[in-house]
Structure formats: C-alpha cells, structure tokens
Amino acid sequence: MNHPTSNTPLLQVNGVTVRFGGLTAVDDVSFDVHQGDLLGLIGPNGAGKTTMMRAIIGVVQPTVGSVFLGGESLNGLPIHKRIQKGMSLSQQLVRPLRDMSIQENVALAAASDKTISPLRAFLNVSTDRELAVAQTELARVGIVSMASQSPSIQPLGVLKRLELARALALKPRLLLLDEPLAGLNSQEARALATTIAEINQQGLTIVLIEHNLGEVMRICQRLVVLDNGKKIGDGDPRVVMADPVVRAAYLGGDALGASEAQGHSTLETQRA
Amino acid sequence: MNYEISLITTMAIAVMFALSLNLITGFCGQISLGHATFQGIGAYAAAMLGKAGWPFLATLPVSMVLAGLLGVIVGLASLRVRADFLAITTMGVGFLFVGIVRQQESLGGELGVSSIPDHGLGRVGFMALALLMCAGIAALSVYIKRSWMGRVFNGIAEDEDTMRVLGIDVPRYKLAAFAMGTSLAGLSGAFYTYHLTFIGAESFGFVESITVLSMVVFGGIGSVPGVIIAAALLSVLPAWFQVIGDYKLLVYGGLLFVMMRFSPGGMAGLAARFFPTTPLVKGGKP
Amino acid sequence: MKFRTARFSLMTVAAAVALSTSPAWAQLKMGFNVPLTGFAAADGKSALDGAKLAVEQANAKGGVAGQKIELVVYDDQAVAKEAVPSATKMVDRDKVVVAVSGSYSGSTRAAASIFQNAKIPYVVAYAIHPDITLAGDYMFRVSSMGEVQGRGGAKLVQNLGKKRTVLITVKNDFGQALAAGFRDAAPKLGINIVNEYEYAMPDRQFGALVSKVKSDNPEVIYASGYFFNAGPLVSQLRAAGITVPIIGQEGYDSDKFIEIAGPASEGTLITTSLDRDSTEPATRAFLADYRKATNAGADMVAASSYTAVSVAIEGLRKTGGKGGAALRDAIAAGSYDTPIGKLVFNDLNEVKKDIQVQIVKDKAFRRHSVISDPVLLAPPTKAK
Amino acid sequence: MLAIELVAQGLIQGSIYALVALGLTLVYGLLRILHVAHAALFTLGGYVGVLVCNASGSLALGFLIAALVAGFGGVAMFRLAYQPLLSKPPYVALIASIGLFIASEEAFRIIFGAQGMSFTNPALQQQLVLGWGLQFKLAEILVMVSTASIIGVLAWLQARTRIGIACQATVSDPQMAQSFGISLLKVRDINFFVGSALAGFAGVWVALLNNLVEPTMGSVPSYKALAIIVLGGLGSVPGTLAAALLLGVIEAFGTIYLGDILDRNAIAFAFLIAVLMVRPQGLFARS
C-alpha cells in the first residue's frame, strides 16, 4: 500500500528529544526515511539508538518533537495503533509464543485485520487464509521446513527469522529491525542480512538498527549515525564512515578496526 | 427425588460460575480473587427485581448487564495496575462489595434478602433451564477457544508485550474478557438467588471467590471440560463429604494444596500427561 | 400433661448411652442442623451437647412409643448455602419426622421454608430472626425474639435508674434485632440513647470504638456480641477506665466470656434465659446433668437446644411418634416446664417468657433479677 | 482528647499489622509469592504463646518459643510448599498457599478445639494513666515499643551485617547475588524464618491484648496484610512499616466516622484501591 504522494517521506523524525529524569538519551534528532529505503541506524554504545527506536514504536513518548508516518503524526498513539497504521517491529530479544507452533505464531500476526477488535475476532474462526500467508512469509525468510514445530526447541537463528516472518505477516509499510544480527555467528549474520536486503528489494522500506558494521555497510543505501543522543552523520555509507567526527566517535581517533566494529556489549541496551 | 434435583441444580450453577471465571482467568490469564462479587451483583439484582414483581426470566438479562457493567469498570481499573497487584485489587473489590452491601438497608443489610418469589418453573424446569445455560456457556467457551478471539486471549495470557507489538489492542481484549466473564457470573447469581430463595452479603465473600478460582485451577486453567468436571465435583463435595463432616474444610484445603503442588495444570494437566493429545497443529488445547 | 423431669441417677444415664448406640428398636429420626465448623463452631458444640443430652435422657426412658430417637446431625456452618442442602437431605433422604435448629438465624431462615413446605415441624432453639416463625405454622421457637430481648434490656436500664445509654451492636441479625427492640422501648422508658456504634463479627480489637465511647461518657452501655467478641470488648472498655455498668445478652452467656474478659467481666449484667441460681427443678436438674455429661458449665445455647429437642420429643410422645400436622398441633398445644423457663406457644408459635438477668460475681453468672413485663415482653402474634 | 486516643489506638493496631505484614513483604520481595498462609504462622504463634505461658507461667518464654516455632514453621512451609513451585506461574503458589491456609485453620480447630483458649492469668494488663485522660493497658504500650525496637534491629541488621546485605542483594538481583557466592537457599531460609517469627510474635501480642486465641484469628490479618504490602510497595520494608501504621490510624478514624458507610475491613481495601488508582506502584515505592 503506497503513501499518497511520492515526495512525502514515509517516516519523518522531527527534532525528537527523549529525557529520563536528568539523562538526555536522544537530543534533538531529525531524519527522514523514504519509500524503498534500507536505512542503517548506527552508533557506538549508549548512542541512543534503542531509545530512538522506542520513541518511533511508541514504547517511549518523546519529551520534545514528533514522529510522522506517511504524513500522519504518531504522537500519543499507543504501540498497537502505530502497528495498525503500517509499522512493524522485530524485537532484539526474540519472544516467540511458545504455546503454539511457528506457523501459528506467524498466522496470528497475519490475522491482524480479523483481530483488530475483540468483536471481529469473536466472529472469525477460520485460519486457512492466515496459515497460507504464514507459509509464504516463512518461505520468504527460509524456515518454512520448521512450520509445524514448536518454537521452544529452535536455535537463535531460526527464532530471529521467526520474528522477521511475524513482522512481515503484518504487511507493514515500514519495518523496524532492532539488532536482528545480535548473537548470530558470521555465516548466520551474513545469510540473514542478505535476506533482509532481498526483502527491501521487494519494495519494503526498512530501518535497521545494528552493531554489525560489516553487514550494515554491505546492505544499507544510507546511514544515520547517533552518538550521545545527537545525530552526527546522515548519508551514503562510504561518505559517512569517512567523516572524521564519526570515526572519532566510534574509534577514539584511530583507523576503522573490523573487530571493534563487530563486538558490541549488551550494557548499552540496558542503560537506554 | 428433590434432594438429587437440588444437588444437580447446585452443580449447574457452580459450573456456570466457574466457566464464567474461566473466560477471565483461564483464557485471558487475568487472576481474579473477587469473582464472587459479580455473582453477588447478579444475585441481588435478581432478588430485588423478583421482589418488585419481575418474572424470573426477565431478571436474567438485567442481572447480566449490571454485573457486566461493573465488570468493565473493575476491568478498566485493573488495567492501570501491575500484574501481581491485580489479584489483590480484585480481592479488595470483593471486600468493598460485601462491606457496602452489608450497610445498605435497601438491600436488606445484615439480614440479607429473603422470601424471594418462586421462579414458577417448578423444580425440574428450573434445573433443566440451569443445565441448558451451562451447556450454552460451555459451547460459547469452546467456540471462543476456536475463534481468533481465543487465540488472542492465549497470546495475552502468555506474553502481553509481544501481543502489543503484533498490533493487538490488549486493553480492549482484557475488557472484553472481563465483560463476558462478569456478566455470565451475574447470570449464575440470578439462578443462585432463585435456587436458595435467601441471599446475604457474606454468600459472595472472599471464601466463595477462592472456591470458584480453585474449581478453575483444579479443572485446569483454560480447559473447558476440566473446569466443568471440577466445578461439578467441588460444588457438591461438602454435601457428599458430610460423612467426613468435621474435616471437610481440612480435606478441601489439603486437596487444593496437593493439586497445586503436584499438578499445577489441574486435572486437564494430569489428563494431558497420561493421554497426550496430538502435537499442536490445529487449535490450542481442547 | 406437664412435662416433668424425672430424677436421674448416674447408672441410668450410663445405661442410656449404651442403649442408644444399639439400633435394636425402630428409629424415630430427628433432624438437627448445627454449625460444627466455621466461625460459629463454638456455639455449635454447646448446642450439640445440649441436644444429645435431651435425646439420651429420652431414650433412657424407653424413647417414644417403643421407638428410639435418632439425632441426624448436619453441619451447616451457620450459613444459608450449607443449610439448604442439609435441610433438603433431612426431608428427602433421612425422612426425619421432626427437625430442630441448633444454629444461627442465617442458616435457620434458609432451612425454615424447606421444612414448612415438607410439613415437618421445626423447633428452633436460639436463632432469633422474626422471619423464621413467619415462614409458616410448622415453625416453633423456644427462645424470645431479638426485639423482645432488646426491649427487656431497655427495661433493665430503667430498673437500674440510668438514662444516658450508648449502644454497641454486633453487625449481624442478632445484634440488629436487639438494637431495634432497645430503640423501640427506650423512649417509652425515658431512656436517652446518646450514641450507637456497630462492629463486625471478626473484630477483636476495639481501641477506636472504646475511645469514642469514653468521650460520650454514658451512664450505661448496652453492647451486643458473642463471647469471642464481647469478651475482648468488655475487657478493653474496662482497660480504658470506663466503669459504668455494661449490659449484654445471651451471646455473652458462656463461661468462655468470663475466662476471656477475666477480672474485667465482674459486674457485667446479661439478659438471658438460663438462670444459674434458679430454684426451678427443671433448671437445676439440667445444670447438674449437663455438667455430668460434659463436665463443663452449661450455657444458654446448650440450654435452649436441650429445651428445643425436649419440646419436640414431648410432641412425639403425644402423637405416638407420628409427625406432620398431628405433631404440629401437639407441640403447639403443649406447655412446658424447661431449663429456660415455663413455655407456652402463642398463635405465631412464639413463647412469652420472663427474661432472667444474670450478673458476673466472682467468676460466675449469678442471679441478678427477673424482668417479667407481660406487655413489654409480649412476642408478636399472627395478627401483626 | 479523642483525636489523640484514636491516633494512639491506630498505632497500636498498626504495630500488629506491621509485624504480620513485614514477614509477608520479606517473602514477597524475595520470591514474588503472595504467601497467604503466612497468617497461619500468626495463629500458630498465638496458640504456642498461650500454651507455653500457661504451662510455664512465664510470658517471655511464651514469646520466645512462639517465635521459634513459627519461624521454623515458616521455613518448613518454604521448603515443602514454595521451593518446588518457584518455577511455576505465580497463581500456582498463590492457590497452594490459600489451600494451605484453609487446611491450617481447620487443623487448629481440630487440634485445639473450636472454643479457643485464653491465658490462665494474662500478664501486662496493668493500666497506665497518661496525660489528657489517656489510659492504656501496659500490653498496648509494649506492643508498640517492641515493634519499633524489632524493626530498628532488623533495619540495622539489613544495613550493617553481611547477612543483611546478602538478603538485600538477593532481593534486587538473585542471579547476581548467586554469582557472588551467596547461597540463595540459605538467604531465603533466613528471610522465611525472620518473617515467620515476627508473625508468631505478633500472634502472641494479639492473644495477650484480646486474651483469646481461636482457629480463625488469622483470617482477617491474612488478607489485610496483603493490602498493606501492596500499599507499602511490594518488597519495601520501610514502605510496609509506614503503610501498616498509616492503615491502623485510618482504620481507627474510619470505624468512627465512616462506620455507617463501610465496615472496618472494607476501609482498608477502599484505601488500597484509591491509592492504586493514583499510584499504581503503591504508596511508598519508587516508580
């Protein structure tokens, strides 16, 4: 479903600031995301990436500024309203519903039109359409073979793909991925990054929050870099990474080290 | 024969009441320690209307609506409260109900309401209607479990936050569960009034709320057949256990503890362990 | 024919106990609902002991018309929800010929309509709610109603020459009936009710209430309750330095009240139906027999249950063991000399009897006075 | 003066609530379990106190043994009932606890009889006349004094000693505490023991004030203590103490001035629900 005019950006972040008591996690950040973009949102530990994502998805209300989706303001809307407006999120800490199979997990997301209100959900019983949608999305992320299995016996790689499939089943206009590659080894990370790129090529706008700079540089057309809550870089990945301010923020001045870029600590997510 | 009829009617009313709680606690995972309040509202509504000349059948919808209305109000309040506070808040609502009703002369105060007119259906007719209502509520419960509403309830019971991220309006579903559960509790209250022909505030107190919760948990939270069997058994346990007489509360409390200690899934849990059903492909647990 | 208590020697009582256990003879079933568990379990125990004593004594004298009397006991926890199934079972399964209530008003009211519909006479010991006898002509009550006792309490206040009274009422039908009676009689007797307070059954701590009563500084306190709440209440009133007389009712009437309130109970007055210093042979014999059977002091609950069972048995004697309308009329027509006074039923099957005022003197209930004002203490009649 | 007396009576009642609620808060803070059966230890303490005091003639011995028996009773409950249920959803332990509580009330009635028991010669009944016409039983003053001193000692223990810090660490982050070599089982045993001993101790005080112990004496404290620990912010000891005293005073005034609208036990819950609507995390807890 395309937004009305092509030049209005799909997602607009206007001067968003988020303060927790004394701490300013996000400080006056603005950027746009256009239809079809695959934007990487990166930054060293404690840069405020996750808080930014939370402000977009609605877990946190911005202290100042606002977020627009397809020209419509999202301020004050609860999470489920934003999801219903076409946004969807794949969470960093995977949380499958263990009482049902992988296919049923995805089918539940696919039934969003039926489960929009308790009454509609009450009146609808059949699951055929949703199970079919689940099959296609699972195939798209490459885990259709485990469709009827329970999530509790799957490795992390499969669960990450289940999160992705569930998010896709919501037929979003904008997909937010919160560190999908975290905890995966290099082959799994590469494979999942490739899948993400393919999904983007199929026309879905994606904002990717990720520490794995190698993969980010490989698949993203544009980067936004945050440091200490401020935006310090926005544009083509090569240009942005060459910018001394960005390098300093990341490396403390010396050359871009692959290992440092690879590693990340979970401390950052806890503090935000 | 009257004794058996009265026993079966008591069972049917208990099953209605337990199934109504199963919708809230079993399906939606919200623990309520004050469910007897809503049976009480239905009971008092039916008693007052009955004494004002309303025919029995006419009091049923009113009892359901009144109980459901307060259920939604309590539901709204419970949405603001953290999970482990919910149980205590609903318990608080229970004490408030008993505390307030006892003080109102218009509701018979401490003396309760008596000489409630006869329902006019005859003993057997009344029992048949109660059994019919039970069957209806059981069918509704099974239908809900099969429907998308049931699947969303299961999801909410397991992980609310994930359901929110999947675009589910969690508060509205909880309210829907509360409304259905409390209005059906009101229905069982109306039957209770006409069955016992005498009600007092303390018939809907904390002990009754625990009794009905134990029936749901005993049967197996969320399992419709389990809850029906448990409610039927536990409601007549005191009468059957007359022979144990002196020890029946000891046995009751002990059974509750032993079941929770060794099979938290209740009877349904035990059944699943001994005759495992086919792997979960179609709907959830029967 | 007046019912007179025969002299019992230890041997006869022992023989009775042996005999009643062997169901050699055909059984006359008497239903008995009593709270064995729950909050009223203590009164239930006394009621059961009183009832058993009456049955054993009757069986020792050969039962009724050659048949033994079997007491079919059901625990109703003093709540309606338990009383209904028990009553239905007594009627349908056990086919009792007569039933007796040794329980509180809540459960007795629920059971009353069931026995009335089944045309089974139901003799009520100490439940005092008016609806019970209004349920129908098969209902009998051997103790005076709450309102009557309340009026008796007001009369006692007048006899003591006091005016300014504070009412402390336990919040159940017993307490509220007493308060209603007191309020009804107070203006006629020139008594000024300064203030009224209520407390809940489970309450044992009365700090706030006591402080407020002290600030009212009444001349007399009319407080209703049972030994498990009245005991602590009286001791806390005295502990706060309140020395005015305290008037209680039959709920206090148990040795446990004196044990709990301890020295603070000295001088407490109660309006009840069992006079420990009675010169009546029926009362004296009962007190002795009860102590022999249970080696505990009898209380009002035991005495009224004993009386209710005895009245039922006396009715069965007259009808030769037949129940139904014949038994109802036999009981209604009889007049009884019982441990709780001389009983005659009026047309509403209520009894008009004097109120015994007892006072706690060196750790025991002793006779204080008797209130017998026929007009003031008249129970309601059918016409009302 | 009436107001002062009501506040004093409120504090006396509040002290008893504090002793019972404190044990519940320690247990909840540690295990997130609503330990309804905690009130059975309150009743157990009352009975043991009366029995020992009547037998030995010394009230102090009664208090000591009652606290010990209740303490070990609490630990036994933890080991037999709750330890195996820690992994289960919270309602499982809650229902098991309620089942245990109902069974215990009946067991007391069967063992000790329905009539309840009293002290043969209750001690500390002498009357103290203070200023403004205030008059209290010695026992009423001592219950406040002993509660304050016990809680003072506990607070000191928690802040200063190794065990205390270990307990606090286990409350805030069990896994982290374990990684520092703190044996979770030992800490939970200590907490259960201290919490239950306090409840037993409170049981003896109530037995002394009413001169009566009965099988059902634990039912009111069992649910009122739950309201208090929620008001105080679950798991916070100072919060629970403050909530208990505040509730005692509110109840004292409530019985007099709200008497005809609400009965006394409903006042506690009216207050609880009102607070929760305004501050969902409880009165004194930090959000």
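Think of it as A, B, C and D in the order they're written, each chain with its own count starting at 1.
In this section, contacts are C-beta pairs under 8 Å (C-beta built on N, C-alpha and C of every residue); 3 or more make two chains touch, one makes a residue touch a chain.
Nothing here was measured: the structure is a model prediction, and the numbers come from that model.
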Any chain touching chain A and chain C at once appears in the list B
In the touch network of chains, how many steps separate chain A from chain B on the shortest route?
-> 1
From the centre of chain B, which chain's CA centre is farthest?
-> A
Note: chain D sits from chain A at a C-alpha centroid distance in Å of 49
Using CA atom averages as chain centres, what separation in Å is found between chain B and chain D?
-> 31
Report the inter-chain centroid distance for chain B and chain C in whole angstrom, where each centroid is the mean of the CA atoms.
-> 37
Taking each residue of chain D in turn, which ones touch at least two of the other chains?
-> 106, 260, 263, 265
Note the residues in chain B that touch 2 or more other chains, in rising order.
-> 102, 246, 249
Of all the residues in chain C, which ones touch at least 2 other chains?
-> 36-37, 171
Each pair of chains that touches, named by its two labels = A-B, B-C, B-D, C-D
Chain B - residues contacting chain C, complex | 1-3, 6-7, 10, 102, 109-112, 114-115, 195-200, 202-203, 238-239, 242, 245-246, 248-249
In their shared complex, at which residues does chain B touch chain D?
-> 25, 31, 77, 80-85, 87-89, 91-93, 95-96, 98-100, 102-103, 206, 210, 213-214, 217, 221, 246-247, 249-250, 252-261, 264
Residue ranges of chain A touching chain B (in the complex, touch as defined) | 57, 78-80, 83-84, 88-89, 91, 95, 97-101, 104, 108-109, 111-112, 114-125, 127, 148, 150, 166, 170
Footprint of chain C on chain D - complex, ascending | 2, 5-6, 8-10, 12-13, 16, 106, 109, 114-116, 118, 121-122, 125, 127, 129, 133, 135-137, 140, 206, 209-212, 214-217, 219-220, 251-253, 255-256, 259-260, 263-265
If you look only at chain C, which of its residues touch chain D in the complex?
-> 36-39, 41-42, 44-45, 171, 197-200, 202-205, 207-212, 214-215, 228, 231-232, 235, 239-241, 256, 259-262
